[in-house]
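First subunit A sits with subunit B, and in the next complex the same chain sits with subunit C.
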Partner chain A sequence: MRQYKKWLLVFIILLLTGCAKPKTLEKIGLVTTKGYDLEKDGKIKGSLVILTVDPNAKQKTTIITTKALTARGNRIHSDVMSSKKLLSGQLRVVLFSEAIAKHGIKPFTDTFVRDPSISDLIYMGIVDGQTEDLLGIVNNQIPDVGQHIYKEIDHNVRWSLIPSSTLHETLQGNYAVGKDPVLPILKKTKNRVRISGVALLKDNKLVGKLNFYQSYYVRTLQSPLKSGAFEIPISGESLGLTGDHLPHKQLAVALDTVLSNPKIELINKENLEFNLNLKINARIQEINADIDLKSPKTIQLLEREIANQMKKDIRKIVAYCQSVQSDPFGLGETYRSSVRHANLNRKKWHKIYPKAKVNVNVKFTIAKTGIVE
Partner chain B sequence: MKANYQPKPPLLVNAFMAFYIMHDLQVGVGINGFQRYIYMYAKHDSWVSVILVGLLVHLIVFLILKTLQLYGSTDIFGVHDDVFGKIIGKVFNAIFIVYCLYATLITLINYIEIVQSWIFPETPIWLFSLSLFLLMIYGITGGIRVIIGICFFNVIISLWVLFLLLFPLKYADFSQLLPVLDTNPLGIIKGTYRMTSTVLGFELFFVLYPHFKEKSKVQLYSHLGILISTIVYVAIMVISIAYFSPGQLVSNIWATLTMFRISKIPFIERFEYVTIAYWMIIILPNLMFYMWSAIRGMERSFKVVEKKSLLIFSILLFVVSLFFKTRLEISRLNQLFVPIGFYLAFCYPILLFFLAFIKRKWKSNKEQAL
Partner chain C sequence: MEKIIRPIPPTTEEMTLALKKGLQNSADLMVKSAGSGMTLLYIDTLIEKLMLHQDILGRIKDESFSEIDAIMGEITVSDIKKSKNLDEAIMAVLTGSVIVHLNGDSSVLLVNIPSDEKRALSKSENESQVVGSQIAFNESLSTNIQLIRRYLADPNLCQEMFHIGTRTHTAVSMLYIKDIASEEYVNNLRERLTSIKIDGIIDSAVLSQLIEDSSLSLFPQMTVTERPDLVSHWLLNGKITVLVNGSTLAICCPHSFIEFFHTMEDINVRWHIATFLRLLRMAGVFMSIFFTAVYVAVLTYHYEIVPQALLIPLSESRARVPFPPLFEAFLLEFMIEFLREAGSRMPTKVGQTIGIVGGIVIGTAAVDAGFTSNILIIIVALGALGSFITPSYTMGNVIRILRFPLILLAGCWGLYGIMFGFCLLLLHLLRQTTLGAPFMAPFYPPRFADWKTNIIRLPFTYTSNRPIELRPKDEHKYNPEKAKKQK
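Coming up: the complex of A and B.
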């Protein structure tokens, strides 16, 4: 009798297993990339890149573009245009056109974070132009544009060429008191996707843009790094050098960061003054002039020359960020965490931030010159 | 009913099990999303509130065990009977039983809500509820030693979950913890009050105490258990404050799960599915301990056979659990539990200790006088 009861229990538990909805891979369409444009009538145009699982299919991806009032509405409209049930568990990248980002991306990030099937580590990006055009790139070197964009952003983030812009970090920046998020800007160039800079956000809205050259500084000033590469134009006057063997005549150095360490200090609470100290150790990879790197004096002069140029660049970027009231460096976080009872909130910070005085100090060291001197 | 209660030797366990039981009871379904309620009041000093609660629990458990030691070997039902007399004692016992059932219901419903919100939105409540009750009945009919056994293995094999805390460190910004002790003391105390409902579970030592073999060592091992759970809670709180920005933390219902979900392992991309399913194993002993305490009280105080009350309570709670469908209802149920848990598990043991102490003193004085 006891035995019989035990088996009955096991049997009931077995019966319970069939109650969840199955999702067969062949019957679902995996949405890997989403792009949102603004229509003239104020509606949202959503383009979804869908990965096809069928190995016999000629095209690896399908793109469905629909118009709706909300991002979820686009999904519903896309569902009725698709042969498969669309699911966003494999979503990797979300792109916004500049026009829509200027109106604010809050409703979009909100629906993504509400959905448990969407990962917090998807990348967000801004598109210079129409996202529909960018996702619609037909290029036989790019079989799957969704994967291509994801990998392009991912490896550049990993190698610290652009700031990281995952959903989590974007939200963290948007909700933090003294920090604003940055998103990479993508552009369709010669039928390829190019990262052309970073977009500055304030209260979820696009307020400014920095070019690719400037985005290196934004990334470097955010957190300590062990990688990164950049090309910096310098004036060769103190070295007595000009790039005269080149038609362009602009002397420039290509560098590879070994170690960079930014430090923000608050030096005056009342009149708001910050010290922005940046220490960079780098390797010289190329210099477009005839120069003797054996002499310590030349190295010193070169270091000073580069540091000055960096200072100038950073000052310009900080001034621009202040003018658009966006704080990608987290100066406000420094203020909040070092002033007791500051009662800082976003509104207050955005009001006092443009008036802050920021002193930039750069200490640049050439650590190595490659395997030859 | 005799105040002294000595279970038969086969029903006894070693005192060091108190460590595992205490840790397991304190870490339950609440750990998935306790941060927001504390953060609302204590801001970035929330970890101070968590430490304060830990200290408070040490004090309360010390008093609970001292109260029981006054009698040698007894449980709360015997103490009630001795302190308040037969009739009022029964009323207090009934309150404790209802409280245990309430705690079972809360754990059950909150877990089901997590599963429904994260993995299976379409699957009905009755299915989860029924399968959990079947498991519960199966364990409880095995007796207290089986429940403690499940609890022991549970703690050992759940250790890997702690490693998931390493993943969010990549995105953590520890400057968000600064400036330390910036929130006003009232906020920290309010946060402490909200935290009390998360660390509940230790009050069941009122019922479990007679089942420990070496009574003198229970004190030591249970405090070790509290220490470990407090460390776990503080670690999660500190990492949450560093990982989330204030706005995110306040709006997130399950901050711990949200942190766990960014873990990516080469062979499994969405790790929260494993964590959530695994959480059932973690909450199962909690459900069993609470339910067992309730039916224990029925037998001790009202002489109802264990199996009968188990069946009645299971059916009752199963039916009640079906009514909690929306976030609002569940939230209201949880809100109501906060003061109840606070008064019953944190304030009442202090009062009971003094009452029992005075009663004992008075009794022994009277005996001496005779």
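Coming up: the complex of A and C.
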């Protein structure tokens, strides 16, 4: 009898199959990219890039654009326009137009993070212009705009050209105190997608923008790096170079980071003062002037010139970030971890952060002048 | 119940009559008079004729004996015995003895001269190996024991004889090395062998099913092998072997799960290769069981975990298939099983056709017709390969059918189903025993000392101990301290 009951139980479990909803791969529409724009009437215009699996189809993606009051609403409206059930388990990139980002992206990120099928490693981005236009790029060289954008952001993040902006990191804006997330800004340029800089957020709202040149510094100041290429303009006075022979009269060095290590120190708790120390070890890849790289003195002068330029650039960025009350470097985290009973909350930090004095110190050393890669 | 002993009738006529009655008037029972009141009774087909003439008839003919003991001295066959029991005499006739009866004497001589019709020793076909000996057992029990004794010239190699089967009286021999094999296991096996009540066993594969711990389990708990070198190796480790007359397979036990994936070659080749091959086999088995199931689960429920690079090829190859993944997988798995079963039952000459049918017709045509996706064909083929990688055929069969319930579970509940199935499988395996020893050793109970000989294989300099899961009386293969000193 007991045996019989045991088997009955097994068969009843088999009947439970009705409860799991199958999502067979070829029967669902895979949303790979989502873009959100703000309509004039205040509604959200959502564009979903859907992967087409038909081997005979020429266009690898379909784009469905709908208007709704919520992000979920967009998907419901898109479902009634699609031949397949739309699911976002393969979502890779979410883009927001500047207009919608200024109103805050929290409702979106919150929805995504609560959906277990959405990965925490998807990238967030801001679009300069309309996301619908960007996703609607028709270019023979870009068969799948969703994948194109994902790969573009991904390799630039991996090679440390721009700060990482995964959903997980963007959520810092929701939960962390003392550090604000940054998102890359994408722009449609000449029928291509270009990363034009990074956007600064405060309380999940877009408050400022830095250009691409500045985004390297943001990434470098966030955490130690072992890669990252950049081009830096320098003044050639101490080297005795004017750059007059150059067509644009600007001396510049192309550098490749070997090792960079930022360090933030709180030196005064009452009158908020930080030391922002950056140690960079890089190799020179190119310099657009005739210069003797074998002479130690020249190298020394060059190092000083580059360090000065960096100091200047960083000071400018820090001042700008303070003016928009956004803290992408995590000065607040240093403050919170070094001050006992700081009781820091986001509001308080954003109030005191602009008044903080930040001393920038850059120690730049040239590791190699020889082999380029 | 006391058995009544029937005496041997003293007169020739009565004896002949009794024997004829005892053997149901069998036509091949020969009654031959050897003069002077001596009669030879034997079954023509069972005895060695040459010996009958040379060693029996040639010695006693033309002479007269007054008593049976005198005849015994004349016959030059070593296996000779005196008996007063009619039933014993009948049994002896059936196993190739000649009864020498002297008129007026109530005891007979049983001269055992069975005809030893046997196949010549041949190469091991089913468990072939490159490095190592090539010989395999044949159907003769005495030859098989001889083969093992040639490898192990150890006076402690014990051999116990049993006769199993009320009708077949099959000779069964249990071998073990007295000062290595654990007494507990030996007693256990002896008890199991003696307590079998059955009309007959034909092969050791049947015997192993009769004496294994759980016949309801999917997994075999004793292994059978046709390699005398492997048996000798295992005997040295402290295992017990059972040989059955008429069977080319030797039963070895206790045999844990992991040992089903060992071969003799693991010992013969150098340890790096052996370790690699063992890990390769485990990976193959794992793949074989889970690959198709994971495919079904991912395509039915977990589209999220498909890597982006695989997304397009996977969905494009699936786009033409009209069936749900579960059905598609079952279709292809059964095709492979049909092919395999057809291939193993077919005469070798026709067997080649199977390869063509399987490879070209079913493989290519099924994809062209849109029956299955390319990717599933690869997965199913890999799974089939993985199940062939198991050295033990009996275990390979289990691996082969294990995937079906898992595919079904994957189709019903996705990865949760696979996990559920895997847990059940693990629970089942952990409960099994082999001759009372834990089946999943050395994993559970953890016997870390055995990992270096059973999971990987370290060089012999690091493995001076016998596997402790066999509880050998003599734990050392050699004394590492002594070996060091001699160096």
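The rule is simple: the second predicted complex is superposed on the first by the 350 of 373 C-alpha atoms of A that agree within 3 Å, B and C clash if a C-alpha of one lies under 4 Å from a C-alpha of the other, contacts with A are read in each partner's own complex, and residues count from 1 in each chain.
Throughout what follows, a contact is a pair of C-beta atoms (placed from the backbone, for glycine too) under 8 Å apart; a residue touches a chain by one contact, two chains touch by 3 or more.
This structure is a prediction, so every number in the text was calculated from the model and none was measured.
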Touching partner for A:75 - first (subunit B), second (subunit C), both, neither: neither
First, second, both or neither for A:168, with subunit B first and subunit C second: first
First, second, both or neither for A:176, with subunit B first and subunit C second: first
Subunit B versus subunit C as contact partner of A:147, first or second or both or neither: second
Which of subunit B and subunit C A:55 touches, first, second, both or neither: second
First (subunit B), second (subunit C), both or neither touched by A:119: both
Touched partner set for A:338, first subunit B, second subunit C, both or neither: first
Which of subunit B and subunit C A:89 touches, first, second, both or neither: both
Set of subunit A residues, in rising order, touched by both subunit B and subunit C: 16, 20, 89, 119
Residues of subunit A touching subunit C in the complex: 14, 16-17, 20, 22-26, 28, 30, 51, 53-55, 60, 87, 89-90, 92, 117, 119, 147, 150
Subunit A to subunit B touching residues, read off their complex: 9, 12-13, 16, 19-21, 89, 116, 119-121, 168-169, 171-177, 179, 333-334, 337-341
Partner subunit A, residues of subunit C touching it in the complex: 298-304, 306, 308, 311-312, 314-316, 318-321, 324-325, 412-414, 416
Complex interface listing, subunit B residues touching subunit A: 117-120, 122-124, 127, 130-131, 134, 138, 171, 173, 175-176, 178-179, 182, 244-248, 258, 261-262, 264, 269-270, 272
